[in-house]
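Presented below are the structures under discussion, each in the form of structure tokens.
Look for chain A in each of the two complexes below; its partner is chain B in the first and chain C in the second.
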Partner chain A sequence: MAEGKLCNRKTVDTKEYLNALLADKSGKQYYKEMEELDVDTDKLRTTLKASLKSRLRTWLEICAHCGMCADSCFLYLANNRDPEQVPSFKIQSTLGEIVKRKGNVDNKFMRMVMDTAWSKCTCCSRCGSFCPFGIDMGIMFGYLRGLCFSQGFVPWELKIGTGMHRIFRAQMDITSEDWVDTCEWMAEEYEDDWPGLAIPVDKVNADIMYTLNAREPKHYPEDIAEAAILFHLAGENWTVPSEGWEQTNLAMFAGDWAACKMQVESVYDAMNRLKPKRMVGTECGHAHRSTVIEGPYWAGLETGKTPVKSIHYVEWVAEALRTGKLKIDPAKKIKEPVTYQDSCNYIRNGGLKDISREIMSYIAEDFREMSPNREHNFCCGGGGGFNGIGRYRQQRNAGLQIKRQQILDTGAKLVISPCHNCWDAIRDMEEVFKDGIRWSFLKPLLINMVEVPEHLKPED
Partner chain B sequence: MYEFLTGPAAIAASGIFFIGLIVRVIFYIRGLHWQMDRVTYTVNVSYGIKGALRSVIAWIFPFGSVGWRAKPGITFMFFIFHFGLLFTPLFLQAHNFLLKERWGFSLWTISDPAADLLTILTLVAAFFLVLRRIALAEVRILTSVYDYVLLAVTVAPFLTGLLAFHQVWNYHFWLMAHIICGEIMLICIPFTKLSHIVLFFCSRVQLGMDFGIKRGGMKGKGFAW
Partner chain C sequence: MFEKILFATTATPACDHAAHVAFDLAKKYNSSLHLFHVFGLPSHGFGQQVTDVRTGKADDYGTRYVEAIKKELQEMYADEIGDNSDYQIESVIGVPHREVLRMARKENADLIVMGAHSRQEEPGATRYRSVVGSTMQRVAKGARCPVLIVSRPCTTCLWYFSNIIFGTDFSKASYSAFLFAYQLAKEIGSKLWLFHALDISAMHAGKTLEQDEIEAQIAKAKQKIKDTYVSQMTDYDNYEIDVLEGIPYVEILKYARAKNGDLIVMSHHTREVDPEQALLGSTVEQVVLRASCPVASVNRPDKVADLKLTPQADATESEGG
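Here is the complex of A and B:
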């Protein structure tokens, strides 16, 4: 059965394979090999039999073909209401067909399925909240991505991303040493401005274990310093683990369920090792979704909960502001109109809509809601891995238009976006459309707004 | 013929209908898997129940959900259609007379003019649903012959019943056609997407539990469908 050197059904478990993929610029050879990749129909049929349970089978069967899901999908709206972007059509013509044909599909079909699964759906699950039957096509596309992955039909960047998780237990090639060095470097860099600032590594029995996104140490380590400063100002007893610090999970976007399990277990191991009272994750949507919401299921934890209570960064911020651990200087509140990007992963699929509004009530004088908002908000346009896949850049940019219009309609030029994916999407939106929109995580804004107790101010 | 259709044939059709639907529900529940579905159905059950109720209640009433309110025209048609489909046959005097005669019990009944009106409304709503399937590109792309056949199977007992009641042309012919169509419909329900008569509840309960237990239901007020 034909398989390529780079594009195949194997998982990326060695640095050699990972480096070979990285050396293949833009995945040129990878996608060329994909055109010759045979579908292992026996395996596909067996996988369907073992994993396609009554929930998904029923959803595929009872769909009334009513089209009520059409308008719920931002990609349908952004693409001039192209009927082929109707969520029901997208899933019926891919997963529905695979099931109907009992896995007997060919290479060309699987490439179409891959393109649909990663460029026509961000798994935001908004359609699920507009279907009268409660058919959640975001969930079904997640499942479909798993089928694609098992057959080797996965976008190049995600094959690499999930390989990173398998090898480094992080979405980027950061070793434990790199990570700990970065923490030390950031603490040293900022301790003159913030006397007593420290980033405690592997402290046992802390109140908080902080986990984050590998992009932070790799590309903007100041984010780690900002987190440290805010914990420091709030007087928190906190720590970071030397291993198991990565909260994100590109394997979830790739549909590599075995790697999903490996990744979340590294964080759960850190929880069990360091025994913190709770875990606080960074400002990231999918990191929270994967490690806190879905992760316990991959790891087989029957309670459906992480080993210690785990919360999103916005929950910690709301609590710190509510209890007065962090105090906002009223003169420094945001005066200009400001809006908030509801991330699908922790708002619609995580229930944190009210917490976010509570934060805005403390920090903003002219908060403007997007419409629609909260659990019915539209995806930023770059979720589910869409941002990171070069092959679908054009489709991603087209999809950004809906979020852009939502933002412009608020009249605000500043968007608070406590989610890495949304943050990226809005940054790219500005690069493409140049509307003069600014975007920010909460941390840098809070640092400029909080009152610093006298004893924590630098001596000068 | 009449005796056969309203006797053994009716029993067989009803048996297939009831047993078929029970089997569908049993298979649905048996096929749920906490780890595959990623919902702890048996842990934090109270949140699951709350989520399930929210999910069903919001969608079972007209305009009860954001989704229904977003499309008032379709919502109106859907509810008229389903109300007529459900209530007309259940509370029709003639059906209850037959029930009493054959089974010794009957339900509360509606007057014949009321049943007439409901039937006509159901047929009109069905007509608009067909028009919608043809007119809207986003529905047309999802539609196949299967959808029209099932819609025909669903409305046939109503059309034939109406013609029989008003004795248009040949009462006996329409009565026989009505009974046969009704029995075909009952038999089709468990085996086709018409099984949503029960699976609607299963699916809504499942998704409600998903949101109630895992996706945010334990934080805040729950999902505002």
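Here is the complex of A and C:
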């Protein structure tokens, strides 16, 4: 059965394979090989049999084709209400078809399925909350991505991304040494301005174990320093693990189920090893969904919960402001109109809508809600891996229009976006549309707003 | 004096003068030179796409791309490199100031040489994390070694420097800058001008200061220069002390011009670079962009403390601008 050197059904478990993929600029050879990649129909049939359970089978069958999901999908709205962008059509014509044909599909079909699964759905699950039967196409597309991955039909960047997780237990090539060194570096760089600032690594029994996104040590380690500063100001007893610090999970976007499990287990191992009272994750949506919400099930934890209580960064911020661990200088509150990007993964799918409003009530004088908002908010336009895939750049840019209009309608020029994916999408939006919109995580804004206790100020 | 020099270039003509100084210094001090260029900004999340800092065009990252950039750098600086063999060329992707600082730390550089890296040159870089503040400003703030910023042609190269201007605000960071200025002046045998600008704009906004009050403060500052710095100098008397009132960056520039300064040494430790308020940048940035001579920014003792001077008890007290 024909498989390519780069594009195949194998997983990326060696640096050699990973480097070969990276050396293939823009995935040119990879996608060329994909055109020749045979579908292992026996394997597909077996996988379906083993993993397509009653919930998904029922959903596929009971869909009434009423079309109520159409207007719920930002990609449908952004693409001139193209009928092929109606969520029920998208899933019926892909997963539905594979099931109907009992896995007997060909290469061309699978390539269409891949393009649909990654460029026509961000797994934001907004459709699920509008379907009269509660059918969640986002969940089904997540499943479909798994089928695609097992057959080798996965976008180049995600084959790389999940390979990174398999090899480094991080979405980028950051080793444990790199990571620990970055912590030392940031403490060094910021200790003059914040006397006593430290980033404790592998401290046992701390109150908080902090986990984050590999892009922080890779490209903007300031974010780590900012997290440290806020924990420091709040007087928290905290630590980071030397291993198991990566909270994100591109394997989830890729549909690499085995790697999903490996990744979250590395974090759970750190929890078991360091025994913190709880874990706080960085400002990231899918990291929360994968490690805190879905991960325990991947790892087969019977409680359905992480080994220690785990919260999103916004929950920690709200708590710190509520209890007075962090105090906002009233004169430094955000005065200009400001809006908040509800990340699908921890708002709609994680229930944290009120927490974010609570934060805004402490820090902003003119908070403007987008419309719709909270659990009904639209995806930023770049979720589920959409942002990072070059093959679908045009489709992604087209999809950004809905979020853009939502933001423009608020009149705010500043968007607070405590999610790396949303943050990226809004940055790219500005690159494409040039509206003069600024975007920020909470951390840098908070540092400019909080009162610094006398004893924590530098002498100089 | 400088075992390792990191020359951080934008690979544009804006850094030509800095290149000249960097290579000259390396030759003079037998330093190994690290020619470093951050060529692309990562973008689009975890994707492989980067935005070329010079062209603004997006392309996918790849080893061949990096090799092409390195080859281009080799050709661009062929004349400066000449027969120097103790150098290496490296080019990476990332946020420029962050990667320059990372490399300086990794290589344990004794000196960073860079061009002015003005904001106009790199709109993309400043936008990346939605931060305002140039690469130069951020490198100057974060580096543990002196940062020499060259934005204009430097006809007299470092070992010909005959007038070094040291501008102080009496901060702890300024003391490190002093050590560097003094060490350099002594080594080269140049004159050291110890200067402080009394910031009357910031201190007394909305209030007119009596002249005798200004004069009293000037006298006080002069005494402080003697106590803080002059007291630390041994076998060296080729210096002069001056204090003038005004807006610090203007006064330093005027003073440097009046004294034919060929190097300005100062610290840059602005604690808070608020994007909204720091549009004009810090004193250092203003001086760099306007001075006709190179400016060295020194903020930390790591690479300048080997003079083994006795610690100065009063050096941490801040006053004036």
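FYI, the second predicted complex is superposed on the first by the 460 of 460 C-alpha atoms of A that agree within 3 Å, B and C clash if a C-alpha of one lies under 4 Å from a C-alpha of the other, contacts with A are read in each partner's own complex, and residues count from 1 in each chain.
Here, a contact is a pair of C-beta atoms (placed from the backbone, for glycine too) under 8 Å apart; a residue touches a chain by one contact, two chains touch by 3 or more.
Just so we're clear, the structure is a prediction, and the values are computed from it rather than from any experiment.
*Asks:* In the superposed model on chain A, is it clash or fit for chain B and chain C?
*Replies:* They fit: once the shared chain is superposed, the two partners occupy separate space.
*Asks:* Under the stated touch criterion, name the partner, chain B or chain C, that contacts more residues in chain A.
*Replies:* Between chain B and chain C, B touches the greater number of residues in chain A.
*Asks:* A:Glu189 contacts which: chain B (first), chain C (second), both, neither?
*Replies:* The second partner, chain C, only.
*Asks:* Which partner chains sit in contact with A:Arg427 here, chain B, chain C, both or neither? Use first/second/both/neither.
*Replies:* After superposing on A, A:Arg427 lies in contact with chain C but is clear of chain B.
*Asks:* From the overlay on chain A, compute the angle at chain A's CA centre subtended by chain B and chain C, rounding to the nearest 10 degrees.
*Replies:* The vertex angle at chain A equals 160 degrees.
*Asks:* Touch check for A:Glu369: first (chain B), second (chain C), both, or neither?
*Replies:* Touch partners of A:Glu369: none, neither chain B nor chain C.
*Asks:* For A:Asp40, decide between first (touching chain B), second (touching chain C), both and neither.
*Replies:* neither
*Asks:* So, A:Glu243: does it touch chain B (first), chain C (second), both, or neither?
*Replies:* In the superposition, A:Glu243 touches no partner, neither chain B nor chain C.
*Asks:* Could you say whether A:Ile355 touches chain B, chain C, both of them, or neither, answering first, second, both or neither?
*Replies:* First partner only.
*Asks:* Determine, under the contact definition given at the top, whether A:Glu302 touches first (chain B), second (chain C), both, or neither.
*Replies:* The first partner, chain B, only.
*Asks:* Return first, second, both or neither, reflecting whether A:Val86 touches chain B, chain C, both chains, or no partner chain.
*Replies:* first
*Asks:* Which partner chains sit in contact with A:Asp202 here, chain B, chain C, both or neither? Use first/second/both/neither.
*Replies:* neither
*Asks:* With the superposition applied, I'd like the minimum CA-CA separation between chain B and chain C in Å.
*Replies:* 25
*Asks:* What part of chain A is shared between its chain B contacts and its chain C contacts?
*Replies:* none
*Asks:* Which stretch or stretches of chain A touch chain B in the complex?
*Replies:* Touch residues, chain A against chain B: 51, 53-55, 57-59, 61-68, 70-72, 76, 81, 83-84, 86, 88-89, 92, 128-136, 293-294, 297, 300, 302-304, 348-355, 374-376.
*Asks:* Which chain A residues qualify as touching chain C in the complex?
*Replies:* Residues in contact with chain C: 22-23, 25-26, 157, 160-161, 171-172, 185, 188-189, 192-193, 215, 218-222, 250, 382, 387-390, 393, 420-421, 424, 427-428, 430-431, 438-440, 444, 448, 458-460.
*Asks:* Which of the residues in chain C come into contact with chain A in the complex?
*Replies:* 42-49, 60-65, 94-95, 98, 101-102, 105, 127-131, 142, 144, 171-173, 269, 271-272, 274, 299-300, 316, 318
*Asks:* Can you name the residues of chain B that touch chain A in the complex?
*Replies:* Counting only chain B, the residues touching chain A are 27-40, 43-44, 55, 59, 66-68, 70-71, 74, 78, 136-144, 147, 193, 195-196, 199-200, 202-204, 206-208, 210-211, 213-225.
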